[in-house]
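Got some structures for you, see below.
First subunit A sits with subunit B, and in the next complex the same chain sits with subunit C.
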Partner chain A sequence: MLKRGQEGSVAPGATDRRPGRLHRSWPGYVLVVPAMLALVGVIGYPLVRAFVMSLHKIILIRPQLGQPFVGLENYATVLKSPYFANAIWQTFVWTSVNLVGQLVLGLLIALLLNSAFPGRGIARSVMLIPWVIPSVVAVLTWKWMYDGQFGIVNSFLVRLGLIEKGVAWLGNTGTAMGAVLIESIWKGTPFVLIMLLAGLQAIPAELTDSASVDGANVWQRFRYVTFPFLKPTIVIAATLTTIYSYNNFNAIWLMTEGGPLRATETLTILTYKLAFRNFDMGSATAAGVLTFLVLLVFVVIFGRQYVKSQMEF
Partner chain B sequence: MMKKPTKLLLVAAALLTLAVANAQTRVNVWIYESFSGNDSPISKAAAEFMAQNPDIEINLIPTASTSSAYRDPFMVAAQGGGGPDVLMADIAWSPEFAAMGIVKDLSGHMAGKEDEFFPGPLDTLRYEGGIFGVPFYTNALGMFYNKTAFQEAGLPLPDADWTWDDFRTAVDTLSDGEMYGFGLEGAWGGTFEWYPWFWQAGGQLLSDDGTTPTFNSEAGLEATRFFLDIVTNPRYVPEAAKTWKGWAELAAAFSNKVIAMYEVGDWGIAMVDGMNPPFEWGVAPLPANGQRASLVGGANWVMNANTKVEDAAWRWLEYVTGPAVFPLMDGYNRVAARRGAAEAQEIVKNDPRMQVLTASLEFAKARPTVPLWTTVDYDCLQPAFVRVILEGADVTSEMANAEMCALDVLR
Partner chain C sequence: MAAVGLRRRTRQLPAMLAAFLVCFVFAIPFLWMILTSLKLPSELFTSPVQVFPRSGVYWEAYTRIWTAGQFGRYFWNSTLVATVATGASVALSVFAAIGFARYKVRGGNYLLLGVLLSQLFPLVLLVPPFYAVMRELRILDTHLALVIAYTSFSLPFSIWMLTGYFRSIPAELEESAMIDGATRLGAQLRVILPLAGPGIAATVIYSFILAWNEFLFATTFISSPELRTLPIGLQSFIGQYSTDWNLLMAGAVVTTVPVIVLFVFLQRYLVAGLTAGAVKG
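Up next, the complex of A and B:
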């Protein structure tokens, strides 16, 4: 019996190594050359350059020292720094809570918006608003909402009797990360929602209808019909959310600049500070390369999950 | 149909226009986005300059003026051999640019001109014997105060003779449960507002050779204790101030009677006026403690080391910092860094609040012009102050920590 994808002469994704194949398809390769060159220019070159810089001592405000080769010294300096360990932890908290929060909320809202109810079209449009607002505008708005004196968040909580007086949510080490996370989850959830909603709409209604006829309850229909179909989309959404959250600089920088007392200092913020506050480009690029490698691990894991889910499907 | 001579004339005119355009030297100029606009004073100054110098074209390029959107892109561009020919730059950035070698030493151009500028702003441009720019506008911190609240509380209005004790009494009296006596940019730890108190106590931030931190001194501790005693008192300063890091937040708090006083410079006047506060308010010099002090702020012009049009760029700088700077700065409600501003600028002559702030320039000081001072401030002093404010840490031990940190940074 033929497996899925073996109907034709070559399985999708496999390389056709027959002689003459390359010769016949050369116009296609020529056409992608400009795009490939552009990618090498804007991605490949900076990556290589950053790696080379990370092996040199480059202190911008001390040009007289030159840029001597120091091997892995910058990496050792960064790894030994307590600020790096703190940034790793903050990045883990920041990325994982963003991931779980956006996926869970996105899935719940997508399931809701996939069901029929009056005003569904309007509800779908409204849910996209956070996503279409420019990130700087959103962040500054939230910053004012959190303000300890004038913020609507405090006003609301005081009226509910949950707090006695305004709290500086972004100004205390115990609350700053949570406050920034709420903004980030609010801003990022619609993107996950759109992807999952598209995935849900691709599931044939007959399948869930059949399951209902067979007596499956809501949870069973989700677990055994909806979820398996949706899994590849969830993996893609999770991958993109992880990458976006991990690299997100704007939200944290504009709200707290990594403070107070480094309570929201993620790897991207630390890298920026090393480069543009300490002017230590060697250490900054070393931190940048390490940041990239950590992200690469996540991407590989998610990539494997995606392939696995496709194979299962 | 067009006749042949007419066509020839048009072609000749086009060629002439092209030739004139080509003969012009273009000077690319970065300006703060807040200074821009078709009818902005600096656009008019550029037009006036170009009318007087038809061989030069001034191309104003407005750029968002935060560090990350303005300073950093310039650093990157200049390191790569590009960037504008000249740019406005915060006085705190000047030593950094000079140390990186990305701006030109203008000592030669400035020979004989140094006395034309206030010494404080000019000092921010000195680095290793050179002068790496031209002072543009300047300001000094003063104390904005709610005059009505002072009068209702029976307090004497602050004047040139008021002292630390007077200030503390005013803060205590005005903090009545409805209003807080003082406000500050707490997200930065309040170091920006702290500098003048430090100097008023007789402190010195760095050794004369700029290599050793000297702020953890008796004077430094006295000023820091006095300042942070007030800042950490929840009756005197609102909790919300822990996150304030913009002048708009302070202006809003002041205008809405949340705080009775805050330290700010001339840029704050238009902000508060624009909010129409329902009370009378005034500006006082900062209180003294045996000696007076304030903090110099403002912007300089610097020239990119990569520029290919140094002569044209210098002619623009000479014009825009010359006598033309007085009406130009009037348009922005700021004080020129050129001597004679108090007598020549309408905004100073007509506004007693500006007069107080301009008079404070006489005793205002600049932060150290060593390139890593900003790092010392961000990485050493600010965390120490924030630990005192948020965690109730001990001032003495935190100042010692800050000193060790500064030693490490400056090493």
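Up next, the complex of A and C:
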């Protein structure tokens, strides 16, 4: 133990001043408060304000109407709207396909990159490209690839003989969701992949080795050794993927703006449209609060799964 | 020995081929972006699509974006907003993380948890109230509004990451610096900061990329064309009747370059920071 403070100038709380211990608290508050104020000001207060707004009728383009208190009327309007039901369904499709697609692809590629072969480092770096590219850049590139007349996707499929002439992938109600999903899975998989790869590399090699000595085949080694170890990481990756996809705005907005005919209109897009197309801030914030509540249910379910998977160790 | 090595190589071959194939498929959009920017505008609109530029590499799109239109302005706006927001965010999170890691802050763990949970809220829910507040403060349609927003958006990750880093640095180091006469905070800043270099590097890259790429707030709060940041500027290349894809893709490449450069330099820190929490279990 270090001998310090013999001057006696640090009298109060001196018993607690061994190295490695936490110090007097007031400088701590001084250090923490600015960041907390920033978070409260930019995230906390607006959230409260959003809830208050959802209880008022606020039409931005008709300021003469004032902002009368209407209670839960905005919620009733939103819940009764057929567009809300549609948005719930689109959100479900959007989030679940993103989740399954990114997890399955991410896991397969992580297993692949976890095996030893020359050029593995380069492969890992290349796989990160979609994640690193700014999302607006990525989306605009895909939009160009999907172009109905001169897009490479159409050209490729025509050459393979799968279609006869160009399809406007983003302009058809039947194909728009699938087309945006492919972009989103492409963009999101690398992140899942990094997380899972890190999880795989934390598994002691002796475990899989001894399992294979015991005669376990590839599937058995994965099922009984790798998977149980990886499960907590998978649950976290699944939770993050769910939150990110659920709240995704850029991909859908820049490719289809929720169209055609609301075929890709998720809750996020609906909320934004209510606010900045209809200028109905009351309904928009009500939709936003409902959007958040739906997500919360998902996250609680995942959270419990995570706690359970942790308990198994 | 050679035979064993050869046999191992042969066994690795399928994995290598599979990895190459997967990488190629994932890289296609990136390659297509670059190829499009290097083709003559007339070569873009052919059917069937021409993959490689036929009449030599066409570099002019890269000079034209700086002269035609406002791309240079957008680039400067993005640089300004991202740099200021990054500086502010890193300063705030360094102080907060020292506070959490080195001092007793009542309810500190709950605060940290709250910081993390703030990530859960849909950003789109924040847009209408943020719009109202910015209008009341009369800073709608200014870069200040974006700087304020981006600074706070990157705080949660930065605070978490740095708190973890600072906790892993032994406090004895500061204690000995204090014997040499430094004040406690002075000792912390002098001793911790250099050691936390990788952590700080990761928060810098994270904050900068977040601000550089952000689209939703920028498109909602900026209406003056001369104040647009790159993501909004790029989108404005999409014309109502026709789009100059050649120019747009050159702009896309130029927008991506700073991010890739930052990433190449700091990749290992960021990946380590992002995954540290996940693999602990």
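As a convention for this text, the second predicted complex is superposed on the first by the 275 of 313 C-alpha atoms of A that agree within 3 Å, B and C clash if a C-alpha of one lies under 4 Å from a C-alpha of the other, contacts with A are read in each partner's own complex, and residues count from 1 in each chain.
Criterion: contacts are C-beta pairs under 8 Å (C-beta built on N, C-alpha and C of every residue); 3 or more make two chains touch, one makes a residue touch a chain.
Just so we're clear, the structure is a prediction, and the values are computed from it rather than from any experiment.
*Asks:* Specify the outcome, clash or fit, for subunit B and subunit C once both structures are aligned onto subunit A.
*Replies:* Aligned on subunit A, subunit C clashes with subunit B.
*Asks:* After lining up the shared chain so the two structures overlap, which partner does A:Leu293 touch, if you call subunit B first and subunit C second: first, second, both or neither?
*Replies:* Once the two structures are laid over each other on A, A:Leu293 reaches no partner at all.
*Asks:* Just to be sure I read the superposition right, which of the two partners does A:Leu39 touch: subunit B = first, subunit C = second, or both, or neither?
*Replies:* Once the two structures are laid over each other on A, A:Leu39 reaches subunit C alone.
*Asks:* Who does A:Pro260 touch here: subunit B (first), subunit C (second), both, or neither?
*Replies:* After superposing on A, A:Pro260 lies in contact with subunit B but is clear of subunit C.
*Asks:* If you stack the two complexes on chain A, which partner ends up touching A:Val126: first (subunit B), second (subunit C), both, or neither?
*Replies:* The answer is second: A:Val126 touches subunit C but not subunit B.
*Asks:* Output check: A:Phe276 vs subunit B and subunit C. Expected answer is one of first, second, both, neither. What do you get?
*Replies:* A:Phe276 sits against subunit B and subunit C alike.
*Asks:* Could you look at A:Gly171 and tell me whether it touches subunit B, subunit C, both or neither (first, second, both, neither)?
*Replies:* first
*Asks:* In the three-chain superposition, say which chain, subunit B or subunit C, touches more residues of subunit A.
*Replies:* Touching more of subunit A: C.
*Asks:* Which of the two partners, first being subunit B and second being subunit C, lies in contact with A:Gly148: first, second, both, or neither?
*Replies:* first
*Asks:* Classify the contacts of A:Leu162 with the two partner chains as first (subunit B alone), second (subunit C alone), both, or neither.
*Replies:* Neither: A:Leu162 stays clear of subunit B and subunit C.
*Asks:* Between the stretches 3-11, 57-65 or 345-353, which region of subunit B is in steric conflict with subunit C after the superposition?
*Replies:* The listed stretch with clashing C-alpha atoms is 57-65.
*Asks:* Shared contact residues on subunit A for subunit B and subunit C?
*Replies:* Comparing the two interfaces on subunit A, one with subunit B and one with subunit C, the shared residues are 149-151, 166, 253, 272, 276.
*Asks:* Spell out the part of subunit A that touches subunit C in their complex, as residue ranges.
*Replies:* 2, 4, 19-25, 27-32, 34-36, 38-39, 41-47, 49-50, 53, 109, 112-113, 115-120, 123, 125-130, 132-138, 140-142, 144-145, 149-152, 154-155, 158-159, 166, 186, 189-190, 194-195, 198-199, 202, 232-233, 236-237, 243, 246-247, 249-250, 253-254, 268, 271-272, 275-276, 281, 284-285, 288-289, 291-292, 295-296, 299, 309-310, 313
*Asks:* Which residues, counting only subunit C, touch subunit A once they are in their complex?
*Replies:* 9, 12-13, 15-16, 18-20, 22-23, 26-27, 29-30, 32-33, 36, 44-49, 51, 92-93, 95-96, 98-100, 102-106, 108, 111, 115, 118-133, 148-149, 151-153, 155-156, 159, 170-172, 175-176, 178-179, 184-185, 209, 212-213, 215-216, 220, 230-231, 234-235, 238, 245, 248-249, 252, 255-256, 259-260, 263, 267, 271, 274-275, 277-279, 281
*Asks:* Applying the document's contact rule, which stretches of subunit A touch subunit B when the two form their complex?
*Replies:* Interface residues on subunit A, with respect to subunit B: 60-63, 143, 146-151, 165-173, 253, 256-257, 259-262, 272-273, 276-279.
*Asks:* Write out the stretch or stretches of subunit B touching subunit A in their complex.
*Replies:* That would be residues 67-68, 71-72, 75, 79, 96, 99-101, 186-187, 238-243, 249, 252-253, 256, 258, 371-372, 374-375, 378-379, 383, 386-387, 390, 409 of subunit B.
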